[in-house]
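To start, I am sharing the structure in question, which I have written as structure tokens.
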Amino acid sequence: MAILMQGLVLLMAGMGIVNLFLMLLVWVMNRATLVVAHFNYILPDEAPKKKPLLATQHVIHSDDVLIAIAVATAEARTA
Amino acid sequence: MKKIILSCVATLTLVLTHAFAGAPTPVQAPAAVPTVATHAAATPSEAGDWRTMIKRVKALKDDTGIAGFISKNPPKYLSEGYMTPTGAMVPGQKVKVIGGIPYGLGQALMIAVCLTLLYLAIVKEFEPLLLLPIGFGGLLANMPFANVAAPPLVDVVTRTVTEPGGFLYYFFEFGISTGVFPIMIFMGVGAMTDFGPLIANPRTALLGAAAQFGIFAALLGALGMSTLFPEHIHFGLKEASSIGIIGGADGPTAIWLTTKLAPHLLGAIAVAAYSYMALVPIIQPPIMKWLVPERERKIKMKQMRHVSKMEKVCFPLIVLLLCALLLPSSVPLIGAVMLGNLCREVGPSVSRIADTMAGPLINIVTIMLGLAVGSKLACEKFLNPETLGILVLGLIAFSCGTAGGCIMGRLMSKVCKDPVNPLIGSAGVSAVPMAARVSNKVGLESDPTNYLLMHAMGPNVSGVIGSAVVAGVLYTLCK
Amino acid sequence: MKKIILSCVATLTLVLTHAFAGAPTPVQAPAAVPTVATHAAATPSEAGDWRTMIKRVKALKDDTGIAGFISKNPPKYLSEGYMTPTGAMVPGQKVKVIGGIPYGLGQALMIAVCLTLLYLAIVKEFEPLLLLPIGFGGLLANMPFANVAAPPLVDVVTRTVTEPGGFLYYFFEFGISTGVFPIMIFMGVGAMTDFGPLIANPRTALLGAAAQFGIFAALLGALGMSTLFPEHIHFGLKEASSIGIIGGADGPTAIWLTTKLAPHLLGAIAVAAYSYMALVPIIQPPIMKWLVPERERKIKMKQMRHVSKMEKVCFPLIVLLLCALLLPSSVPLIGAVMLGNLCREVGPSVSRIADTMAGPLINIVTIMLGLAVGSKLACEKFLNPETLGILVLGLIAFSCGTAGGCIMGRLMSKVCKDPVNPLIGSAGVSAVPMAARVSNKVGLESDPTNYLLMHAMGPNVSGVIGSAVVAGVLYTLCK
Amino acid sequence: MAILMQGLVLLMAGMGIVNLFLMLLVWVMNRATLVVAHFNYILPDEAPKKKPLLATQHVIHSDDVLIAIAVATAEARTA
Amino acid sequence: MKKIILSCVATLTLVLTHAFAGAPTPVQAPAAVPTVATHAAATPSEAGDWRTMIKRVKALKDDTGIAGFISKNPPKYLSEGYMTPTGAMVPGQKVKVIGGIPYGLGQALMIAVCLTLLYLAIVKEFEPLLLLPIGFGGLLANMPFANVAAPPLVDVVTRTVTEPGGFLYYFFEFGISTGVFPIMIFMGVGAMTDFGPLIANPRTALLGAAAQFGIFAALLGALGMSTLFPEHIHFGLKEASSIGIIGGADGPTAIWLTTKLAPHLLGAIAVAAYSYMALVPIIQPPIMKWLVPERERKIKMKQMRHVSKMEKVCFPLIVLLLCALLLPSSVPLIGAVMLGNLCREVGPSVSRIADTMAGPLINIVTIMLGLAVGSKLACEKFLNPETLGILVLGLIAFSCGTAGGCIMGRLMSKVCKDPVNPLIGSAGVSAVPMAARVSNKVGLESDPTNYLLMHAMGPNVSGVIGSAVVAGVLYTLCK
Amino acid sequence: MAILMQGLVLLMAGMGIVNLFLMLLVWVMNRATLVVAHFNYILPDEAPKKKPLLATQHVIHSDDVLIAIAVATAEARTA
């Protein structure tokens, strides 16, 4: 049973710490947002934000190209 | 075609049977010739005549996998210990497989287990990027005499390596023993994660905190189990903590902590963690529906505000500094995530780095980490009631985490001014982005126009931070 | 929302304060029960009852970063020494931060320094691919108790690792101590560099030689400084050589040489080298304008001849063989560049290799190299007058290198038949391709139709060879 | 002061060596160019030299795109 | 231009000659001043006055490559032995180059050999992805005093590394000594290989078996050679096995086995293996035409059946399990191929892994493996009659393998119901996909409408399995 | 000569084993094909099988494709 009591202490300490930490984070971020708002000019948003993705994800298949061509051709025909 | 095969088989079987049978062949002459090596460079293998070689060929049958699977004994390096190339002495262990079954049979059973893992990974698509390498690593490591995960043979006197170890041994020592691989995976995770939804709505971080309750529920459960069944299950605080961290639903965090606290459970815990992450769409919905009434499931949340680049760049630094001030033991994990995320958010000037972290680097490390973790699926460590316990406790961890998140969601829904749909609480267990998708799906079932995905990403990514924090705390308190 | 946070904080604070306060809680019973471990697998952490655990929880407050930042003592492994996993004994040092300030405060200051580096890298885009990882590595390494750059704990008797080291420690030992990372970066540099302009106009190599004068100017300056201020600055020949090499304006060369001659200055020298490389567009133009009269800045150079593939393929081999004949100590650096370049020029049949060197490989190594170099930004080594000296000397090095190149440019302009614009001389400091762009820009200011970029690439790439040569010479003479 | 003198020697030796080395290189290359010119047939220049780029950066075979365009255009014309 | 060079050369030569000549310069004063180090941090290199430095500058001439090439002695670490960083003692060897020529001259000859290799790789496109790095590695490793492949200097008492080793040393120890690199290459090979043609037509596996005859022919040849010329050629069973495996026509298999059995032959065997693989289109056709009559060369084979995804996914697991049951020693090689192939066939869900194995990972490993293998092209091991023997035996191996495949092809052609073109037998030596293309080409010469490529891929890929099996057997029997 | 005899034993053993192994494989695969045929539904064939190739090849940017389409369409229209 002694070990169960230790586990209980762990539970309380652990949940307490993770909650405190994330609450503090919430508080800091709420503050920081206000502050940072004045400094947005330092790092302006880029127009079309490109997100680094998995390298293999950009991989396109010639199929895609073929579809693209098909679409393009179709549009051209109806143009 | 059949004929040729049959005739060849017949001929060769004849030849080999003859050899195996040790029948005195007609050619007796060479026996009289003294077989002293004929030149200086003669290696020991040349000494002896052709009979020696035939003896060796015959001896091959003792080294087949078939012979291994019916053998009783574990590999020598396990039972008798060994010296590592750096001179450390690893002591031998008493290796005992469940039910006292022969070691070889245990290995055969583990191969069946690994094939099941591969089935789940390939056919059921359970986190295939990790479970396929883990399963394959386990497969290789359990093949008798293949020594794929064996340490090198070291001459105890001269300290030279006389036979190199298996490649899984090197992968493990290089990346898992040092803790480097999980850290590198976390860099990639950071470079792939968008913390925007959390920055836009910081209070959802509390859901990510509440969902960590699963970790501690499983921890207590593990201690309870070993109190209830002291003769079958032996989980101390270290083991219980490692099992609990399954509920963090973050593979790298689980591997990192388990390697440090309870390395003998690494195989089972990694398998449980990734399996349940894949099962999130099955585990979570019933709990969510049970805990959140239909009415609250329909709550629509306000559209999220725009998050500026400056905020996104500052966020990783803020989290890291907070962590440094309060919880240094979580710094390696949180630091790695935040490094990756910082590179991601800084944009084009460092996109080479961010793309590499989220691309080739994480892929390469994933392959080696999966195989190395799989190499710890040894029968004496996996085939026992404790593994069953770990599987049960892992389920408890995920369920309680989901419940914790949902309950905190309902509490926030009541207290907060802005509407909060409690369903996003379940996303706090991380398992990014699966859990967030589940929140979205369950929400859509109640109201087909209510898209919760982006709102659920907040607790989802804060769950990653939350379980890294818990891992640091558990490490400090239990090491 | 606020309410919930506040109420939770209140409750939890209560609980934790209680625990920290060590108040005797009502549950006294277990105290009488002997807490002998209940089963065989009992680990030490289970011994003791819940009070032990509460004590540990309380002890957490001594391990926070806050406690670390107000602590006086450096990490034990630094002051008392340690054993590496391979059995080498690293002796303890007398660690003293400038002004005798407590070590924790020193770390806090270093974190501020690293945040400044990150600011320069992210906002000012100072060589962000390197300075971001370096700054982040420094940030992590200076977080107290986080042990991100700590060596593993090794049991001195059994030689087993009882606690793995931090991941920055492993990055450093793996790639910087061995000198492998700078070499691999250089392979990528070679695979990205076009030596065509140098081959078309070989005499521009002399500009690349003259610009190495900056290295020796800074070297002399360093020796002078330590003669002038013997109580504050202690640069021997090794330190002076490492500082001088900043003037080579090649990161990998600087890191390679400094690791061998003066590893304690690695952090400061790497930071200075990359910072000044980013500042080339600010440092060089005034010097160039001062040394080259308007008239000569307008000189138009002849269009460059075509360079055949055969020439481009032979070039790396010729340089390497010359180097092998005369300066073996420069072979590792030159060899790596030339290997990369050879793969690049051979074309499609080995483009897989060349693309990998210039892509995933250099990117992966850059991440690890940057972080590992950053881990050497320790306060006792960075916060002292010597760092200030290094920064001043680095500026001298770049300036004198620029001057040397320009003066040689004017000399060549006078002597050579074909016209030579002295402005391309400044590109000899390497910092590829920034310095060449500066030559081009300054040239355009005098004559908007005079494009010098391609002509400046000749001295620019020969500067890489030049400083690798100097690094080899300095290594041989000063080691 | 002794050390400054050593530094001076280093300077002279170092600058001397790097200059000598690169001069020698200049000389060798001037010679080599003449020799190599006769052997260009061994490794003929490729038509459009492709430069190794960052792998993650979406190396494309412009050929694919060109073919795509050609096909699309052709089809569109005949439409 | 010429003038400036000449005048500079003149001046500098004057200065340096002066220095080298040791002429007493006018400045005599400092001699009287005691040159005690002026401050605490004084390193040994500062002790002594400028004359010490001039002496060192003069001594440079003893360390040039030119001096090295005319020196008689091998590097000290070779002749006197050394301690590795992990504390192993590597004993010194009696180093003797063929004909008793000085070691330096031997190195110069090896550089010529490596330049020839580079010529073959670059101009003749002989397996350039491997032969270019191997040739370049050999080039670097044979440059005197460059220490590119030298082990680190270790202080025997404190065990600390006083000077790091060369980068080729680290590549070798990291990836070749441990056997990890060939395994990783094999993963990539698996991820690039389509076993479909073998699955569609399993009987072609027998052709892959028959072609392994080349291995044993060369093995016997090696033993015969050393019986015939006992004073020049010393091949024991281990050496003969390693030489034989050249006939497997699989680089990684050859490197893996040779590293374990006869590491001193690694350079020569790797060079022979890759060279003959490149020469397959020249070696095979005459043998094929000689052994297969025109009539049989025209045989058209039935179109191959469709192979389902399920079959392709099961295949690697079946092969691996068979191998585990019968030939555990082949499991590392076969396992790696089958892991890569499984990832490939499973499809999109793990394509990240498969693409990485067949892309960045295999490329990175290829660079390091090639360089490391090249670093073993030392003159005392390469410049001797045994290398000539290896080259001859390699040719025998490829020829006999081709013959074995063709003869088995004719046998099958006679026995089987479905038509079999014997030409596909020669593809059984692997050298994927070159040998299959040769079968196709020779077939087309007899009948321009008979495309054998896909049919030849069956024996071609089964040859990979076949030689991995043989490598395992040889390792077990000869180690 | 003793060693040659050993080599001969090696030859016989080695060729025997590799032949036996691959024959067994042939036999098992012939059996397996029949069995697997009933389970093809578990992993149905994908329509256009994508083969993992070198990562650096084939990575394309959607932008490039879009540009290609645009150009193609434009040309087609003006054709």
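Lettered A, B, C, D, E and F in written order, each chain numbered from 1.
Criterion: a contact is a pair of C-beta atoms (placed from the backbone, for glycine too) under 8 Å apart; a residue touches a chain by one contact, two chains touch by 3 or more.
Small disclaimer: the values here were computed from a predicted structure and weren't measured.
Participant: If you average the Cα atoms per chain, which one ends up farthest from chain B?
Facilitator: D
Participant: Once you count every C-beta pair in contact for both, which comes out on top, A-B or B-F?
Facilitator: Between the chain pairs A-B and B-F, A-B carries more contacts.
Participant: How big is the gap, in whole Å, between where the Cα atoms of chain B centre and where those of chain E centre?
Facilitator: The answer is 34 Å.
Participant: Provide the C-alpha centroid distance between chain A and chain E, rounded to the nearest whole angstrom.
Facilitator: Averaging C-alpha atoms per chain gives centres 45 Å apart.
Participant: Return the distance between the CA-based centres of chain A and chain D, expressed in whole Å.
Facilitator: 40
Participant: Rounded to a whole Å, what is the gap between the Cα centroids of chain D and chain E?
Facilitator: That pair's centroid distance is 28 Å.
Participant: In chain D, what residues contact two or more other chains?
Facilitator: 1, 3, 6, 8, 10, 13, 17, 19, 23, 26, 42-43, 54-59, 64-65, 68, 72, 75-76, 79
Participant: Can you pull out the residues of chain C that are in contact with at least two other chains?
Facilitator: Within chain C, residues 5, 8, 38, 46, 53, 57, 60, 86-87, 122, 203, 206, 226-227, 236-237, 313, 323, 326-327, 352, 355-357, 359-360, 363, 473, 477-478 contact more than one other chain.
Participant: Show which residues of chain E lie in contact with chain B when the two form their complex.
Facilitator: Of all residues in chain E, those touching chain B are 86-90, 177-180, 183-184, 187, 203, 206, 226-227, 230-231, 234-239, 259-260, 313, 317, 320-321, 323-329, 331-332, 335-336, 339, 342-343, 346, 349-350, 352-353, 355-357, 359-361, 364, 411-412, 415-418, 473, 476-479.
Participant: Would you mind writing out the residues of chain E in touch with chain C in their complex?
Facilitator: It comes out as residues 1, 3-5, 8, 38-43, 45-46, 53, 56-57, 60, 63-66, 68-69, 85-87, 111, 115, 118, 121-122, 125, 128-129, 132-133, 136, 139-140, 143-148, 152, 158-161, 163-167, 170-171, 360, 363-364, 366-367, 371.
Participant: Which stretch or stretches of chain C touch chain D in the complex?
Facilitator: Of all residues in chain C, those touching chain D are 191-192, 194, 199, 202-203, 205-206, 208-210, 212-213, 215-217, 219-220, 223-224, 226-227, 236-237, 240-241, 308-311, 313-315, 318-319, 322-323, 326-327, 344, 347-348, 351, 354-360, 363, 462, 465-466, 469-470, 473-474, 477-478.
Participant: Residue numbers of chain F touching chain E in their complex, please.
Facilitator: Result: residues 1, 3-4, 6-8, 10-11, 13-15, 17-19, 21-26, 28-30, 32-33, 36-37, 39-40, 42-46, 49-56 of chain F touch chain E.
Participant: Over in the complex, which chain E residues touch chain D? Could you list them?
Facilitator: Residue list for chain E touching chain D: 5, 8-9, 12-13, 15-16, 19, 30, 33, 35, 38, 46, 48-50, 52-54, 57, 60, 122-123, 360.
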